[in-house]
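Next come two complexes, and both contain subunit A; in the first it sits with subunit B, in the second with subunit C.
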Partner chain A sequence: MTDLLTLVVQQSVNGVYLGCLYVMVALGLTLIYGVLNQINFAHADFVTVGAFTAFFTATRFATKALGMPDTGAYLLSLFAALGAGALLGWLVSAAVFAPLRRSGADELRPLIATIGVSVLLENGQLALFGPIPYQFDSPLGRQTIRMGSIFFSAQSALVVIVSVAAIAALYAFMRFSFMGKALRAVAQDRETAGLMGINENLVIALTIVIASALAGVAGALLGPVVVLTPFTGGSLIVKAFACVIIGGFGNMEGTIIAGLLVGIIEAFTVQYLGSGLIDLVVFAMLLLMLVIRPTGLIAERKEENV
Partner chain B sequence: MKRAFITIIFAIGAFPFAALAQDKVIRVGVLMPISGPGSYFGVMGKEGIDLALEQVAKSNLNGYRLQVQYEDSACSPLQATNTVKRVLDQLKPHIVIGEECSDASLAIAPILEQAKVVQLNAGSVTMKLTESGYKYVFRIFPNAEQQSAPLVKVAREKLKAQTAVILYEKTNAGNDNAEGFEKPFVAAGGKVLAKIDFGRDVNDFTAIATRIASLGKVDVLPTFALEGQQVRLSQALAQAKVVKGGGGPGVQMGSIWLPFGYDQKAGQASVGYVRIVQFDPNEKRKVVQDFVKAFQAKYGADKTPTHINAHAFDTILLVAEAVRRGAKDSETIREQFTKFKDVEVTTGKISFDKKGQNSDLSVVHFVETQPDLSWKGMSWQ
Partner chain C sequence: MIAAAPWLLGSAYWRGILVLCAMNVLLALSLNLVMGYTGQLNLGQSAFFGIGAYVSTILIKTYGWNFWLAAGAAVAAAGLVGVALAAFAVRLRGHYLAIASLGFAVITYQVLVNWESMTQGVRGIYGILAPVPDTVALFYLVAGLGLVVYFLLDNLVRSPVGDTLRAIREDEVSAAALGVNAAVWKAFAFGLGAAIAGLAGCFYPGFVGTLVPDAFGIVESFTMMAMVIVGGMGTMIGPVIGAVVLTFLPEVLRDFGELRLMIYGVALTLVVLFMPGGMVQAWASLKNKIA
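Take a look at the complex of A and B:
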């Protein structure tokens, strides 16, 4: 019985950690959809850019140029990835989304444009970094924390802490800051928000910057966990999409719950059904959700989503 | 004057024909994954082939030269199929080298067979490639059976393993390796506690390691996956104290999938890992040491060639050897390959059996990763 309990707790811990990774990737997706009503297919590549930024910051710049200790270098790399993601988001917003919005393009063209950005980023990174997997070892990944029979790496703990902090910061920004309220107003009704004096273009650009910065941090957290190649983000984006759909497109709370749920279900699928069935179970759940509750776990009116 | 003019006109007119007669070319199509998670195969493969082409160009090939065209087949059966059709149509190759991944290699084999073009494979493990009756398929890489049987022998006799958990990716290669281990291991009295498969998109192996830890004492864990996943898998198993690298009792075992350098990437988690190697850069044979020197001269002194570099390098040496022995087209390359006996290359001595499989495993041996991450050699049998 004790063994069973230990196993359940251990797999739940594994699942929460995995779920937090999915949430970090999915939050940006759902944020952009909530405000712009658009899907950003390049989001996975923003994650990869974040991972590579963190890698080079931690292993080349911070440790070698600044002489920082490994842990400090890795923590610094999180901020570097956040900055790189934000910068990339601003560039894409200014170069792709804004011109298309000004030209009055329909919803399809920005969608296709994000596919173009994705291909560009993926191949650009392939040309720059090559396809051979990088060894991105976080010093925290080598430290195992044991609490009785339960174990997890310090990196897993960091993933959970950063995820919770990011969610809390995002929530506070949305609820209590002027720009956050403006962002929600644009999500509710772009035209009326404009009439109220809200700079719609600025708010949309800010949304993309925040979503991309989140993707950058997600990349920095993922880098030491996954196999780091120019295709890293792509391996997680499908699951992130599943979390967004299960949670309710554009709904942050729903995405967070769905992310954790998918992570925990995956861990228990591995334990009791086999890892080969992970995708089957997750996507069966997604289909079931689409049939039973097409609006997602937390069904709200569109304007309340973000 | 008029006669001289006519002579010049004839000479100019005859020049293209003379040039054509001298342009004796063996066209080689190379299908490798240059994109996707297996793309490190393609990059390393190209390094090996480029180096071999430089060396072969300096030697006498009976007046022939090798013309190579690289194509990205992405480890994907669909992309490999489309690519090989285009290569056949455009290049009209005499031989195709590739693919690395078993699924893709199997996909192109019937197309090349129908076109009567030789397929030389140096990286796929699936039994079906040389067991399907293809006349134009040749493979220098040991197949699943050739690798799995000795793995079982070492597991049972040297490591005294009673229990095993088999970990493998969901591909033809992974399945063949897993089955190849399971059957003889069980027949020899061992018990397989679990067979755990996973897709190439799985990144986090903590849940899998937890499951294995809950299965009780596991003696050996044969693992068949690409390098990136193997690194993370080893680290998760060490964290769960399943394998020696994490202070556990289990020994992770592997086939020739892993390139040189895996141990450094996995760190302490790789300690105790027992695996098969076909190419060892420390081997004393002259052909190996010459290759290592030439490789480092071309790509950097800090770079050690892997078995992927070596296998690709060898494919060109074998094509060149066939041409030296009189091959001039696909049919004669095939004939020469069937006659190969102890042709020495960096990955061993090549002798193809009737099915096109290299049967000489004299160079293949086991190594065990030491605490300082170096290799300790173990005998093959």
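Take a look at the complex of A and C:
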């Protein structure tokens, strides 16, 4: 019995830390959807770019050129990945979302255009980095923390700490800062917000930049715990969509709950059914959710797409 | 021109590309019916291509069926699964349908990988023979089927059925108000589109000689979408042009390395941004300017 309990707690811990990563990625998607009613399909590829940026910053630049210690170099690489994500977000916002918004395109054109961006990013990175997986060793991945009979790596503790901090910062920003309030206003009613003197284009660009920066950091955290290839992010996108759909499109709280839920379900699937079936279980959940409750765990006000 | 193509491109390599091109035309036509004419953004078309390929191959290799019988069964299977996916399209629109169909493609891929007793999983099925002895004959066969499908679809979209599908695309609520049963016609479009993709899938394993799940990943859906959109979504000739251009362009540029998918990505984004009607519309407006 205690063995079973230990197992359940251990897998829950694993699930929560996976879930935190999914939340970081899915929150960006849901944030953009909430403000813009658009999907950035390339979002998860920003995760890959973040992971590679962190990899090269930590293993090449910071340790070799600056002579930093391993742990410091890895922490620095988190910021480099954040910057890379933010930059990509700004680029996609300026080059894809803004022109399509000006031309009054329907809701699906930005989705299709960003699918193109996603294919380009994945194969561009394939050309640059090759198909062979990179071994991204985080110095924290080697340290194991033991609490009773539960084990986890310092890396997974860092994942949880950074994502909780990022989500808290995002909430504080949304609730207390002027731009955060402007962002929520644009999400509620873009035209009225514009009439109230809010620069909606700036708010939308900022939203995409914030969301993409989150994806970049998620990449730096994810890189050391998965097989790092140009397609790492791509394999994540459908799972991130699953979190967003299960949580309710545009709903931040729902997405957080759904992300943790997907992480935990994944951990138990590995334990009881085998790792080959993870995607199958998660997407079966996604389709089931779409059939029985398309508005997600927490229902949104708008239902025109359902 | 189609008949002369194998002689204009003499080498075995280019004849292979021709077969691939004919298959891509079939796939682009199949997606265009659903996406272009009925307005349903379906990211799961690769799944039907895969179902066609696997069902026909398994029936031939494991159960010893005749190719044409197996192909018929595979087309029917893909069509039926297409109708099943339409059950989602009846309830979901826009982004939700896009993601549901994407999830469907991933699930199909995972089934192909995991159901090893039937599909051999990632190890793949080897030594698959084409239904005809050489590449040129295979090209004539697939291109001939492409022509037949083209003319059938061309007639279909100009018939009242085509009007019905376009009505659903433009405004589903108004179409319903005029007595259109959107659920039935969406199922029809999804099923027919899936069956055509399944038909293309029947010829793919024999052409390549091997069958692995990776050929039917979601990126295959995106390449079909690129062909439809680059050529001109919602026109008959557009997707055909898109399929031909996007099959040959990467081959012509092969000297610059393996850029096939990068070209697809760039083309998709640029066309959506700068010429949303695709090459067909660009050509029409060019003609207007000159005239």
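Just so it is clear, the second predicted complex is superposed on the first by the 294 of 306 C-alpha atoms of A that agree within 3 Å, B and C clash if a C-alpha of one lies under 4 Å from a C-alpha of the other, contacts with A are read in each partner's own complex, and residues count from 1 in each chain.
Just so it is clear, contacts are C-beta pairs under 8 Å (C-beta built on N, C-alpha and C of every residue); 3 or more make two chains touch, one makes a residue touch a chain.
The shown structure was predicted, so the numbers you read here are calculated from the model rather than taken from an experiment.
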**Message:** Under the superposition described at the top, does placing subunit B and subunit C together on subunit A give a clash or a fit?
**Reply:** clash
**Message:** Between subunit B and subunit C, whom does A:A65 touch in the aligned arrangement: first, second, both, or neither?
**Reply:** neither
**Asked** Touch check for A:F249: first (subunit B), second (subunit C), both, or neither?
**Response** second
**Asked** Is A:L111 contacted by the first partner subunit B, the second partner subunit C, both or neither?
**Response** second
**Message:** Quick check for you: in the superposed arrangement, does A:L236 touch first (subunit B), second (subunit C), both or neither?
**Reply:** first
**Asked** A:L128 contacts which: subunit B (first), subunit C (second), both, neither?
**Response** neither
**Request:** Report for A:D279: first if it touches subunit B alone, second if subunit C alone, otherwise both or neither.
**Result:** both
**Message:** Just to be sure I read the superposition right, which of the two partners does A:A267 touch: subunit B = first, subunit C = second, or both, or neither?
**Reply:** first
**Request:** Return first, second, both or neither, reflecting whether A:R142 touches subunit B, subunit C, both chains, or no partner chain.
**Result:** first
**Request:** Name the contact category of A:P99: first (subunit B only), second (subunit C only), both, or neither.
**Result:** second
**Message:** When the complexes are fitted on the C-alpha atoms of A, one of 4-12, 76-84, 130-138 or 220-228 in subunit B overlaps subunit C. Which is it?
**Reply:** 76-84
**Complete:** Dual-contact residues of subunit A (subunit B, subunit C) 238, 276, 279
**Fill in**
The subunit A residues in contact with subunit B across the complex are 3, 7, 10-11, 14-15, 17-18, 21, 126, 130-133, 135, 137, 141-142, 144, 151-153, 156, 222, 225-227, 229, 231, 235-236, 238, 266-267, 270-271, 274-276, 278-279
**Prompt:** Which residues of subunit B touch subunit A in their complex?
**Reply:** 34-37, 39-40, 42-44, 170, 196-199, 201-204, 206-208, 210-211, 214, 227-229, 231-232, 235, 239-240, 264-265, 267
**Item:** Sites on subunit C touched by subunit A in the complex
**Value:** 41, 88, 91-96, 98-100, 102-104, 106-107, 110-111, 113-114, 218-219, 222, 225-226, 229, 257-259, 261-262, 264-270, 272-273, 276
**Prompt:** If you look only at subunit A, which of its residues touch subunit C in the complex?
**Reply:** 33, 39, 95-96, 99-100, 105, 107-109, 111-124, 127, 238, 241-242, 245, 249, 276-277, 279-280, 283-284, 286-287, 290-291, 294, 305-306
